[in-house]
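Okay, so chain A shows up in both of these, paired with chain B first and chain C after.
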Partner chain A sequence: MTAWLLLAPSLLFLAAFTYWPVIGVTLRSFTQQRYGQQASWGFDNFRRLAADAHFGHVLTNSVLYAVGTIIPSLALALGFAMALRRPGRLATVLRTVLVMPQLIPLVAAAALFVFVFLPGEGLLDHYLAYFGRHATNWLGSPDLALWAIIAITIWKNTGYYMLFFLAGLAGIPDELIEAARVDGAHGWRRFVDVILPLLGPTFGFVTVIAMVNTLIQIDHIIVMTGGGPSDRTNMILYYIYQQAEQNQDTGLAAAATVLCVGGLLLLSVLSLRALERGIHYES
Partner chain B sequence: MRKLASAAAALLMMGSAAQAATEIDFFFPVPVQGKLSTEMTRMVEGFNSSQTDVHVTPVFTGAYDDTNLKTRAAVAAGKPPAAVLMSANFMREYAIDQKAMPLDALIAKDGKTPEAFIEQFFPAVRPNATENGHVYGVPFQNSTPILYYSVDAFKEAGLDPEKPPVTWQEWVDAAKKLTKRDGDSLTRAGLMIVEQYDTLGWLTSGFTMSNGGEYYNRGWGGEVYYNTASTIGAVQFLDDLVHKFKVMPEGVSDANAVASAFFSGRAAMIVNSTGALGFVRDNMKTPFKVAFVPRAIRNAVPIGGASLIIPEGNSPERQAAAWKLITYLTSPAVNGSWSRFTGYFAPRMAAYDLPEMKDYIAKNPDAKVAIDQLAYGQPWFATFNTVGVRKALEDQVQAVLSGKAKPAEAMAQAQKDADALLRPYVEQTALKLPQ
Partner chain C sequence: MKAERVGLLLASFAAILWAAPFAWMAVASVRPGVAGASDIASLWPSGPYSLANFRDAWDSGQFPLWYLNTALLCAGIFAVQAVTVSLAGYAFARVNFRGRETVFVLFLLQLLLPPAVLVVPNLNMITKTGLFDSLAGIGAPYCASAFGVFLMRQTFRSIPRDFEEAARMDGASRLAIIRDVLIPLARPGLAAFAVVSVSSHWNEFLWPLMAVSSPRNQVLTVGLASFTLSSESGGEWGVIAAGTALVAAPLLIGFAIFQRRFVANLVSTGLK
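Coming up: the complex of A and B.
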């Protein structure tokens, strides 16, 4: 009874701001109602979503964005964590520098990067001009815009993920690495066969965080490209916003929300399962 | 307990007695950079101290789109603001959705007919403020696209800065002379236009209208004319500027890229809003001039800007208070002073009869060009689902500018996408026939 009383405040908040909206959006996704129509139940929203070419583009972009940001930023984060895991003055300074982007709000960083990527006058083109490269329309070219966005996201997130790997590495007992060394394992063998398996729980956690980030981090897209050119940098969350707020089509928005939250949940469970299979937990 | 309640009631009554003025809130956006927000607050304070019946709290609500969202949310929550400065191209949606109230009754109280009332404003801004003869918004600040060009670049290319291009042919000829290349790359573009979402649709509608077209159905929100000769021709013109004449950079240039290229001499001519006049004056280091946007078949530019509206759901008392504010803000003197401060033109025609306004126009010849071009102003694109329907076109024009699509097939696709978005409204109106 006391336990329930103690839980009550957070439970109330969870119910009001998480569980109820989840139920509400699920119900809305199965409600067919467009301008001036009577509401009825059915799969019309999902059918329209499947037929919408824009949703197809947005899904492709989101997958590219996820793969393009998660793999490099996790690899870099792990590399930096390995290099900087031993305490020292230089390591402390470098760690701070790497975590710095995390302290800048994404929307503010995006406002700055608009000027870094400015064709001709921007910081990037200014330096590339020394190598004889002409002005490049980084954010206005359908072939480059998504990669520019991905680059910023990697820059922004790597330091944050490194913190988790540093914590994970600190949790690995030195004796295990020592034992491997005594057994004659080289640096790379020790990394692959001892350190990586022991980092399993960290990997599982960081991968899920990174996946959620690719879904919710769209601040820079809104500021820098508005999803353009021609939807080339548009992502699922911004698509949902466009349907709900610009087109007043909350049914389509709800269907897209249900699909992508469901998909993300599935992916998270699968990746945790896959990563935990080889995981060694300390008892 | 009863004593406490009566004491509370007495306190409440005292409160309302001391506070005879009607308290209302007013949502306003700031779509351009600068000191506009402070100036708006100062203007509202001017209104508050000019009388004692109404006290207005100004609420800054972000950009035009944010203001739209916040107003819709407030109306849905049953707590609408008494007055909003709303982007004029959302006006039709507000009328269709019955989210803004017709102002005819308030206008009648002042002894005017809706027609006589709206005739106090420039003809070009009237269509976006009215729907089927009812007044829904009172125009407050407006702009049009305009051509900016560098005097130095013109002289260097052997062109006369006093004779800017007037037709599309002259425009292309001038742009070719003004363009500088290093291999395939443009080191100075002859021309750049703002091609990001929102602005691109606005400018394309202008080129379409100049090319003889209509762009959208002005009387009813269910039709757009994308897959027509006038629009395809206008988009082909943009395609040619990039890929045939090679005087405009490939891809999409946003407002920052266009402005900085103009300031640094990497663009000789640009098309931007008259609302950017102050910004260009402050940042352009070499002499520049402005001119009408060159024409194909006729001179035509779309109107941009915002009108004052009263959202649905306000009490008669709050409506009357909001109307008082609106009347003040759109009076010739106040409307004129806002125009001089911002660079927008004043939609209220009588503002230009005031001596201080005549003075300003005499001192700023570029402001005069903007006013003269207003004679060719056309209403701003407004349909059901305006933003989505506009984006359907913009996605395709961006693909053309990037060399990923050809104008004819791109406009066929844009028409298809727009029709799909308009369909629910069409079914409930034009196709809803007697049973």
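Coming up: the complex of A and C.
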């Protein structure tokens, strides 16, 4: 009895803002409203979603965005952690600089990068001009806009992921690495055969965070591109936001949210499995 | 160690790239009237300097209001969270009850479904409950925190039971034990959670954008976005740099002061 009283405040808010919303949005997604008829159950919203060319672009973009940000930022984060894992004044300064983007709002990062990517006079073009490159419309070009958005996300998150790898590396006993050294394993082999397997759980964990991040980090897209040009930077959450706020199409927004929730739960289960395997591997 | 030197050198190059937008923000914000100048992208400070951009940003935006709203929001969310996560954390750490594992999984669900994904149904919910267009409406979905509950559960577990036993002998009630014995001992855990909670809500944008419609309830991030869009068309980059600095400064300064704890807490966000 006592336990339930202690849990009640949390459960009340969870019920109102997690459980019921999931149920409610699922019911809503299967509720269809045809012109001149009463609302009924059915797959209309999902059918409309599948037929929407924008949503096709959204799925492609979301996959590109996820792969394009997760792989480079995890690789860089691991590289930075390896380079900066030993204490030292320079290492401390460099770590701080790399973590700074994590501390500012994504909207503030967007405000800065609007100028970085400004054609001609902006920071990037100003310095690229020294290498003979002409003004580039980074955010306005259908071929480049998504990469510009990806660059911002990598800049923003890599330092944060580095912290997890630093913590993971700190958890590896020096004797293990020393033993490998004594056995004659050289730098790269030591890294691949000893350090990487021991970082398995860290990798699994950071990958989950990174996947959730690519799904929910769309603030810079709202401020900088509005999903354009020609839908090239339109992501699933931005699409949901657009349908709900601009088109007032709650049915479509609900169907997209349900797919999103389902995808998240599936990804979490899969990566938890992978994570467990990583832990088994370790022991 | 040659490899180590090379690593530090490469990381230094990367850090220069990483710092460039911040360096530009710092330089451009103190150079007045650079709109239209050909060297507005220059990272090399050249005068004259003044704080005119900060004044312009301050006057054209509503920074005092945005600061106040954001501070109230973050403080309010954390105040409620501190109660909900402490009570639930205690229940999971110390009380044996039927269905504990099941309820724990139910909490886990919130970790997997960040409120950002549920913006559409949550908007519906705050509209129905009359919280739309209020700071309370922005904060409501965050009042329960599975992450905070896990963190507090771990913290309570690390506290020896002897302290509670002693208090119970003296006839203290369960709530009194939590409030007077456990919470003071669990302060490091709560502090860690405070850092994570405040920094994430300080930085949030999409949900406050959707949950509020009138300017008087806007928070810093939403204000900065509209401010950036209006200054962008006039090419007032120095003013944008100053406005961005005003929004980013509190957390950056906080980071500089509490650096060690901050880094440890960011890491513990997930490892606990």
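The rule we apply is simple: the second predicted complex is superposed on the first by the 272 of 283 C-alpha atoms of A that agree within 3 Å, B and C clash if a C-alpha of one lies under 4 Å from a C-alpha of the other, contacts with A are read in each partner's own complex, and residues count from 1 in each chain.
One rule holds for everything that comes next: a contact is a pair of C-beta atoms (placed from the backbone, for glycine too) under 8 Å apart; a residue touches a chain by one contact, two chains touch by 3 or more.
Quick caveat, the model's predicted, so the values are computed rather than measured.
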Which superposed partner A:Glu121 touches (first chain B, second chain C, both, neither): both
Larger contact residue set on chain A - chain B or chain C: C
Partner chain in contact with A:Glu245 - chain B first, chain C second, else both or neither: both
First, second, both or neither for A:Pro142, with chain B first and chain C second: first
Partner chain(s) touched by A:Val261 [first = chain B, second = chain C, both, neither]: second
Contacts of A:Phe205 with chain B and chain C, given as first, second, both or neither: second
Touching partner for A:Gly187 - first (chain B), second (chain C), both, neither: second
Contacts of A:Arg89 with chain B and chain C, given as first, second, both or neither: neither
Set intersection of chain A contacts, chain C complex versus chain B complex: 114-115, 118, 121, 245
Chain C-facing residues of chain A, complex: 2-4, 6-7, 9-14, 16-22, 24-25, 28, 76, 79-80, 82-84, 86, 90-91, 93-116, 118, 121-123, 125-127, 155, 159-160, 163-164, 166-167, 187, 205, 209, 212, 215-216, 218-219, 222-223, 237, 240-241, 244-245, 250, 253-254, 257, 260-261, 264-265, 268
Touching residues on chain A, where the partner in the complex is chain B: 34-37, 54, 114-115, 118-121, 134-135, 137, 139-142, 226-231, 242, 245-248
Chain A partner contacts - residues on chain B that touch it in the complex: 69, 97, 182-183, 185-187, 195-198, 249-254, 256-257, 260-261, 264, 266, 384-385, 387-388, 391, 394-396, 398-399, 401-402, 404, 417, 421, 424-425, 427-428
Residue ranges of chain C in contact with chain A within the complex: 3-4, 7-8, 10-12, 14-15, 18-22, 24-25, 28, 38-43, 83-85, 87-88, 90-91, 95, 97, 100, 103, 106-107, 109-110, 112-125, 129, 140-141, 143-144, 146, 149, 174, 199, 202-206, 209-210, 220-222, 224-225, 228-229, 232, 237, 240-241, 243-244, 247-248, 251-252, 255, 259, 263, 266-267, 270-271
